[in-house]
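Below, each structure is written out as structure tokens.
In the two assemblies presented below, subunit A is common to both, partnered first by subunit B and then by subunit C.
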Partner chain A sequence: MNAYQKVRAGLAMLWLPIAVLAAAWVATAAADSFYFPTPPVILEALIDGFRQDHLWDDLVFSVRNIGVAVLLGSAAAVCVGLIIGESRALTHATAPFLTFARATPMVAFIPIFIITFGIGAAPKIIVIAIGVFWPVLLNTITGIRGIHPAVRETAVSFRIPKLLYLRRIVLPGAAPQIFAGLRIAIAVALVLMVVSEIYGSSVGLGNYILESGARFQVAATWAGTVVIGALGYGLSSALILLERRVLGWHQERPRKNSRPKRRGSPAVSGVFASRRG
Partner chain B sequence: MAESKSRKAARRRYGRLAPRVTVLAVLLGGWWAFAAAGVISEDLVPTPLGTVRAWAELVVTAEYWNSILETLRGAAAGLLFAMVIGVPIGLLTGTYAALERCTRVLFDVLRTFPGIAMLPVFLLILGATFTMKAVVVFIACVFIIVLQAQYGARSVTPTIRETVRAYRIPKRLWFRRVVLPSSIPSIMTGLRLAAALSVLVAIGVEVLTTVPGIGFRVTEAQLGNDSSSAWAYILTAGVLGFLIVVMSELAESRLLRWRPSSRLEM
Partner chain C sequence: MNNVQSSANTLIVEKMSKSYGSGADEHRVLEDLSLRVEPGEFVTIVGPSGAGKTTLLRCLSGLVAPTSGVVRYGEVPVSGPLAEIAVVFQDYRASLMPWMTVRDNVAFPLQGRKIAKRARNDAADEALDSVNLPGVGDKYPWQLSGGMQQRVAIARGLAYSAPVLLMDEPFGSVDAQARFELEDLALDLRSRLGISVVVVTHDIDEAVYLGDRVVVLGGRPARVIDTIEVDLGRDRDQIATRAKPRFAELRTQVMTEIRETSISSR
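So, the complex of A and B:
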């Protein structure tokens, strides 16, 4: 690919976002609305927020909360998932309750936790961690149950020790599903983070957009919203990077124009690939 | 013969149910012990009995059913708009490579955006209204649907694409009989995820504002130190979410009866 082709490929991807931004600029400038400031004004508010206001502290608070909560919630979920998923009887017995728990909107717990425990970081971390727990747990179980029975039987007949079996066979076999669960979990975690910080907090990005909105500093509200969007994009990009590293052997995302793989088959390829590696 | 068969079926059903009943009993017992031990104040965790009592009191009030209806209405309105707008966009961008290329960056960024973060902005513009709730739900749901529809449309294999081209199948027929059927499984997955998310976001909006609905009732009850009622509303929200999951799975399997199931049995 020469330079000219590279520029062309870049333009083919970027012309629409640029056009949308330009259209938004023209429209906001023409409308001159109080609620829709022009992009430069928002950018200015963003820089001001970081320089003079406490936007940086808010960002650190939010990132720390969501990071700790996602780590705690998903680690607990994978451990519990290994126990439940390894037993067919346990999987069957708990299935409806797990589906129910997964379907319960965790945001409804936010008032209870914050009114009881106060507006500090701990109640927020707990709520986010619980929200992360269910999707990862369900996907871990589905992933483990999807491992081909022949793999299990082979492990048993070779008398592979339980711990080695869990670490080298079950975990890699379920990993694609676990990552799919994490993707959903991060979306849920972001919603819970924002809602818990808007509901009751003195710091955090949610509090920043609420406060600036209440003071009718619309540009600052938009700037905070942009920061939250960037945080969401950063988190999901980080997850994709991690997934590529961990699941390098498993082409989970189908390439363009190829049919998606059937579930279940990755488990087999996963085991062999992890042995090779 | 018929009797013994039905008895066998009944026993099998009992055999399937017994472990689940045990788990339910353990869960309820654990909850009760946790609440009765008083480790955590009753403001946080009421007893199961208290919750059931509060629920029994609530279930006869019009207020209870109204808040369920309000939550569902907001979620459904946002979801419907997200579907009507998201599916065509997804199918178009999935079919034409040029469209996919120019929207990729835009969708990639917007997909990860938590729609609820727009709440303060929309609160300023639209106020604490039903429209505001529906708009926030719409923003939260639309990109999941777009991306799933896109993914579905892209799953048409090159062989089929070329065969269709070779036979000069008209565009509209091709769209209706090839692209749509092959992308429906993926679209249904998107709708299922979006339906669960729409209720989550609708309740989130209600928790934070004075828009009527389940979330608002939870906040109100908890502020009034009535944690039993708050829990009754939360469990109601759970039942709602559960029903949505079960119903969308049912609809999915109905619509996709021609296709081997992709879901693993749990």
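So, the complex of A and C:
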């Protein structure tokens, strides 16, 4: 790809965000509303927040919580998923419970957790980790059950020891599904992070937007919201990078039973499954 | 690799039957089968689709246990997969791991034997050379053609260095040209390495072309209808051998036997 093509590819992806930002700028400047500050005002509040206010500490607190929780929750989910998914009986026995567990929004448990564990970092990490746990667990099980029976049979016929089999066959075989679960998990984790910091917390990005909002520092609230959005974008991008490293074989492999191109959601899969990297 | 002569390395099936299900739902697939595969011998098992050929091969490889009768390797009962028996599966697309390079795929079974990585990779490269696939170790299986992928699967069986190689319809899903090459490769490997090869196929010509002996399966449940010694010599040639009158006689014999059985069991 030459420089011209790179610029074109970049523009193809960036024109919409730029247009949205420009439209917001024009609209907020024209409206002169107290509740909708212009982008420069938000930017100023953002810089002030980092320089003079405690926005940086809040960001660190939030990032640490969500980072630790996503690692713990997904690691636990993959381990438990390996145990359940490798057993047909366990898969059947746990299916109704797991469906129920996933269908219950974790946000609803936040008050209970705060009553039980207090308002420190620990209850927030626990809540986010559990929220992450369910989608990753369900996808790990689905991924393992979806591994072609011939793969299993090959491993058996070559007398592959159990641990080696789990590590080199089952885990990579289920990896595409596990990553799909992680994407859902990150969205869930962000919601839980913000809500857990709004409800009973003196620190964190959620608390920052709550506090500044209560004091009618609208630009600061917007700035906090922008930081949360950027954090979500950063986490998703990190996951995509990891996915490209781990699932290179999966993304490059030609689809044997490829569906017609029109199905699926190209707007999402096109960006995330980009094969250029 | 393994040059085995003693009869301790004979694969023996004695009065074996295999059913699926039980009670009223019992479905008998194989009945009272007996056969032997001597060291260094090339045995083909031929029969119509649905005759239980794959079930037989799964019993031979220890993947499923027979309902009655015995499968043994020398004196050792085949009650599970043995280190002495390598299997090449019909579906190479599913049996090669797409997340492993070709070399890793071939070397992987050796990792289970706790062989050092260097030695594993050397064995894999040597096996890939044996199947005429030098220099593809760093590619992924899905970057290769179907015929090449099946060669990789064969190389994996060879690297396992088992004295017996079982192949289930190994050349069924590749094009005709690749098929001839793979058939000759299988014959060549038997001669060079002294291994026993068992090929299950529905293709009568292929069975006669490859086999020192052809085991004809037929009927429902399937039995051994006949075991035919193929007196075409060890050196086979795709054109000359298939043009011999004796080749035509043998294939006619197998075909007649299969047809008569399928009519009588109807």
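Simple rule for what comes next: the second predicted complex is superposed on the first by the 235 of 277 C-alpha atoms of A that agree within 3 Å, B and C clash if a C-alpha of one lies under 4 Å from a C-alpha of the other, contacts with A are read in each partner's own complex, and residues count from 1 in each chain.
Going forward, a residue touches a chain if its C-beta (ideal position, glycine included) is under 8 Å from a C-beta of that chain, and two chains touch if they have at least 3 such contacts.
Every value quoted in this text rests on a predicted model; they were computed, and no experiment measured them.
Asker: Should subunit B and subunit C be called a clash or a fit once both complexes are overlaid on subunit A?
Answerer: fit
Asker: Which partner does A:103 reach: the first (subunit B), the second (subunit C), both, or neither?
Answerer: Only subunit B; A:103 stays clear of subunit C.
Asker: Count the residues of subunit A touched by subunit B and by subunit C, then name the partner with the higher count.
Answerer: If we count touched residues of subunit A for both partners, the winner is B.
Asker: Considering only C-alpha centres, what angle arises at subunit A between the directions to subunit B and subunit C, nearest 10 degrees?
Answerer: Result: 90 degrees, to the nearest ten.
Asker: Name the contact category of A:232: first (subunit B only), second (subunit C only), both, or neither.
Answerer: first
Asker: Which partner chains sit in contact with A:16 here, subunit B, subunit C, both or neither? Use first/second/both/neither.
Answerer: first
Asker: Per the contact definition in the header, classify A:194: touching subunit B only (first), subunit C only (second), both, or neither.
Answerer: The first partner, subunit B, only.
Asker: Could you say whether A:159 touches subunit B, subunit C, both of them, or neither, answering first, second, both or neither?
Answerer: In the superposition, A:159 contacts subunit C only.
Asker: Between subunit B (first) and subunit C (second), which does A:218 come into contact with in this model arrangement: first, second, both, or neither?
Answerer: After superposition on chain A, A:218 lies in contact with subunit B alone.
Asker: Between subunit B and subunit C, whom does A:169 touch in the aligned arrangement: first, second, both, or neither?
Answerer: The answer is second: A:169 touches subunit C but not subunit B.
Asker: Which partner does A:123 contact after superposing on A: first (subunit B), second (subunit C), both, neither?
Answerer: The answer is neither, since A:123 touches no partner chain.
Asker: Between subunit B and subunit C, what is the tightest CA to CA spacing in Å in the combined model?
Answerer: Checking C-alpha atoms only, subunit B sits 12 Å from subunit C at its nearest point.
Asker: Taking the contacts subunit A makes with subunit B in one complex and with subunit C in the other, which residues are shared?
Answerer: Residues 254, 256, which sit in both footprints.
Asker: Show me the residue ranges of subunit C that touch subunit A in the complex, using the header's touch definition.
Answerer: Where subunit C meets subunit A, its residues are 61-63, 81, 83, 86-87, 89, 91, 93-95, 97-100, 108-109, 111-112, 140, 142, 156, 160.
Asker: In the complex formed with subunit C, which residues of subunit A make contact?
Answerer: Within the complex, subunit A touches subunit C at residues 148-151, 153-154, 156-161, 164, 168-169, 172-173, 175, 249-250, 252-254, 256.
Asker: Which residues of subunit A touch subunit B in the complex?
Answerer: Answer in residue numbers: 12-17, 20, 35, 89, 91-97, 99-113, 115-117, 141-142, 145-146, 184, 187-188, 190-191, 193-195, 198-199, 205-206, 209-210, 212-213, 216, 218, 221-222, 224-225, 228-229, 232-233, 235-236, 254, 256-260, 262-264.
Asker: If we count contacts the way the header does, which residues on subunit B are in touch with subunit A in the complex?
Answerer: It is residues 16, 19-20, 22-24, 27, 41, 43-44, 98, 101-106, 108-109, 111-114, 116-121, 123-125, 140, 151, 154-158, 161, 193, 196-197, 199-201, 203-204, 207-208, 214-215, 218-219, 222-223, 227, 230-231, 233-235, 237-239, 241-242, 244-246, 262-266 of subunit B that touch subunit A.
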